[in-house]
Amino acid sequence: MKTAVYRKSHFNAAHRLHNPDWDEVTNKLVFGKCNNPNFHGHNYELIVKVTGEIDAETGYVIDLSVLKKIVDNHIIHKLDHKNLNLEVPEFGILNPTAENIAKVIWHILRPQINHTLDLTIILYETERNYVEYPA
Amino acid sequence: MKTAVYRKSHFNAAHRLHNPDWDEVTNKLVFGKCNNPNFHGHNYELIVKVTGEIDAETGYVIDLSVLKKIVDNHIIHKLDHKNLNLEVPEFGILNPTAENIAKVIWHILRPQINHTLDLTIILYETERNYVEYPA
Amino acid sequence: MKTAVYRKSHFNAAHRLHNPDWDEVTNKLVFGKCNNPNFHGHNYELIVKVTGEIDAETGYVIDLSVLKKIVDNHIIHKLDHKNLNLEVPEFGILNPTAENIAKVIWHILRPQINHTLDLTIILYETERNYVEYPA
Amino acid sequence: MKTAVYRKSHFNAAHRLHNPDWDEVTNKLVFGKCNNPNFHGHNYELIVKVTGEIDAETGYVIDLSVLKKIVDNHIIHKLDHKNLNLEVPEFGILNPTAENIAKVIWHILRPQINHTLDLTIILYETERNYVEYPA
Amino acid sequence: MKTAVYRKSHFNAAHRLHNPDWDEVTNKLVFGKCNNPNFHGHNYELIVKVTGEIDAETGYVIDLSVLKKIVDNHIIHKLDHKNLNLEVPEFGILNPTAENIAKVIWHILRPQINHTLDLTIILYETERNYVEYPA
Amino acid sequence: MKTAVYRKSHFNAAHRLHNPDWDEVTNKLVFGKCNNPNFHGHNYELIVKVTGEIDAETGYVIDLSVLKKIVDNHIIHKLDHKNLNLEVPEFGILNPTAENIAKVIWHILRPQINHTLDLTIILYETERNYVEYPA
């Protein structure tokens, strides 16, 4: 049987929900306040879940201090105190919804984690709204 | 791969655990303090989880403001500040345990959510006791 | 300089906000959903704060296991899984608002705590509404 | 003795810390990542504390549903999903630090609350950083 | 469809991460501060998840007061306010990582829970690091 | 009017409550499980509160990144993953109760903070037990 380990991090960012293929009226209708062209922002809580066998020598699935460094270097450094739409290339076209942010994080982290381990991203946009990828 | 989105709501209600087919002694033995005929109550935290594909145009699995309206109209309006045993017909006979409340909520919400999306209900009765349906 | 110690407990109870000197229309107008005659309920989080000098021998302001017993015996046993309006004599006439519940708890606990120590009651009715007595 | 009641709300906003009287190097040195010209953002948790006597007829210090409406109309409507620097006139010149946001909120709410009641603002910028005004 | 019920408990313990087959340098390199020979400690939050059918008569998957007694008697009594390395035989050789503690708890509880019910252990070592077994 | 800013940190440590002037029976009687000679441990949450005037140029009472460095260098580095009784000289004789730990932290930090600013320490030993110094 496998074991999952979870590591929680956080970052703060500004964003705007917007589909460049739509006109302003449609964007406003679909995304409401989240379409504000001047941006708004969130404290994102990021939980990285790694699933695999417990190593017999260390008692770890993955060393959480190693996982923390991977997350800090590849995700927090890239997203913290940033404007997602303007400063993070992945969201040049892709709409930075919580769903898409989680998916982008997964694709960045996947090559950094041993392929024998499963990876899941849980992302809280607010205390009451959060997403999980893959589910 | 699919993505799950979660939306947290809350409601306050009174209830009493009781099986009308049993005598008072058995009810008291099985349900203890929760069998108090004058009722007690809880702040229920409700998490509605919806799982599916991310829509390419919106970046959403489901628009959370739409989901919020569905949950408010069909669940919160029906259960908030109510006595579950006396005022919610589904619990006329069915015992309002957390398990059964979660199941009732699932059956009310299921027809309101697109059938291509999976639905799961997580319900906190207290900070230390909670349930998930289906699991 | 003094030190404060805090001990958190919880209890679940049903209640109804109601002023027996008013007619039903006024009660409904003032207390809204909280006036439901069939009761609703809450998970109350109770924080008892005791302030005084640190005892040189124990390093304690008050032994928290002693404080826990006092709170359990005098408050939790009396209020947990109860209907405040019907089963707690203090609320026979007094409206069981969070403010009044905190005040009642203070008056019950005050004689149980050494008079050289100050006592404050903090009571959460929900995660978003809470009160403090005295303030 | 007086009683305090607390009401928690939240809003999401973008901001940038910046002193227009300083050059860019000084701004960057003092405010670091928070000086990002493209803005970043937060989920602000706002706690409004009102202190006074318990009304003998209602059992309330202040009706929390009334307080909620005041906070929603005067603060949440004004700040939620906004860019504080660009869209909230109070921060045209004033730097939107948590300290200054709390102070601005206090000055807006003070005339809306009966002068016999004391008012305090507690504002969480993140789970780990928060402020209180006045203290 | 099945239902899951969750019950949260907690215990405080001291521990040290250490592999007796390795020399001190390797232990220090792999486990860092957690290898401190004088021990450090945690407030562990334990969530026991039990999955099965809802009983038609009680409305319960498992009576949570029964589950609480099982967890208190077999786990909390054994681990609370203990030094895991020195006082809990299971960790005489086995390294008390969160992963291994969760696995040990699962093996102790499994025979105590009806075999028709599934069992999962979730263990928080800190607010930001936690594990799940099996996953 | 003054403003308070709060910064939350955490550290994990082992400790034992014990008065060397008492015999074992008295120690066991007074401190119970907390007297375990093999130590137990906690995740301590530390909140440092600094109160003063808002600086007109920065909008800060104190720069929280500066405060974080002071707390990290003088407190977290000294206490995190340590055995308080064996490795922290201040507790060579002084019993490491939450009250005394908070007082020790205050005396270490007081000279590091500008004397025009007030300092208060809030320390959570568990989620349900915490202390404040001075109060």
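The first chain written gets the first letter, and so on, giving A, B, C, D, E and F; residue counts start at 1 in each chain.
By definition in this document, a residue touches a chain if its C-beta (ideal position, glycine included) is under 8 Å from a C-beta of that chain, and two chains touch if they have at least 3 such contacts.
This structure is a prediction, so every number in the text was calculated from the model and none was measured.
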Count of contact steps on the shortest path from chain A to chain E: 1
Fraction-based call for chain D against chain C, same above half, different below: different
Most distant chain from chain E by Cα centroid: D
Chain C-chain F separation of Cα centroids, rounded to whole Å: 28
Centre-of-Cα separation between chain F and chain A, whole angstrom: 34
Chain B residues counted as touching two or more neighbouring chains: 127
Pairs of chains satisfying the touch condition: A-B, A-D, A-E, B-C, B-E, C-D, C-F, D-F, E-F
Residue ranges of chain E in contact with chain F within the complex: 10, 12-15, 33-34, 36, 38-43, 80-83, 86-87, 126-127
In the complex, chain B residues that touch chain E: 17, 19, 21-22, 30, 32, 94-100, 102-103, 127-135
Contacting residues of chain A [partner chain E, same complex]: 1-9, 51, 54, 57-61, 63-65
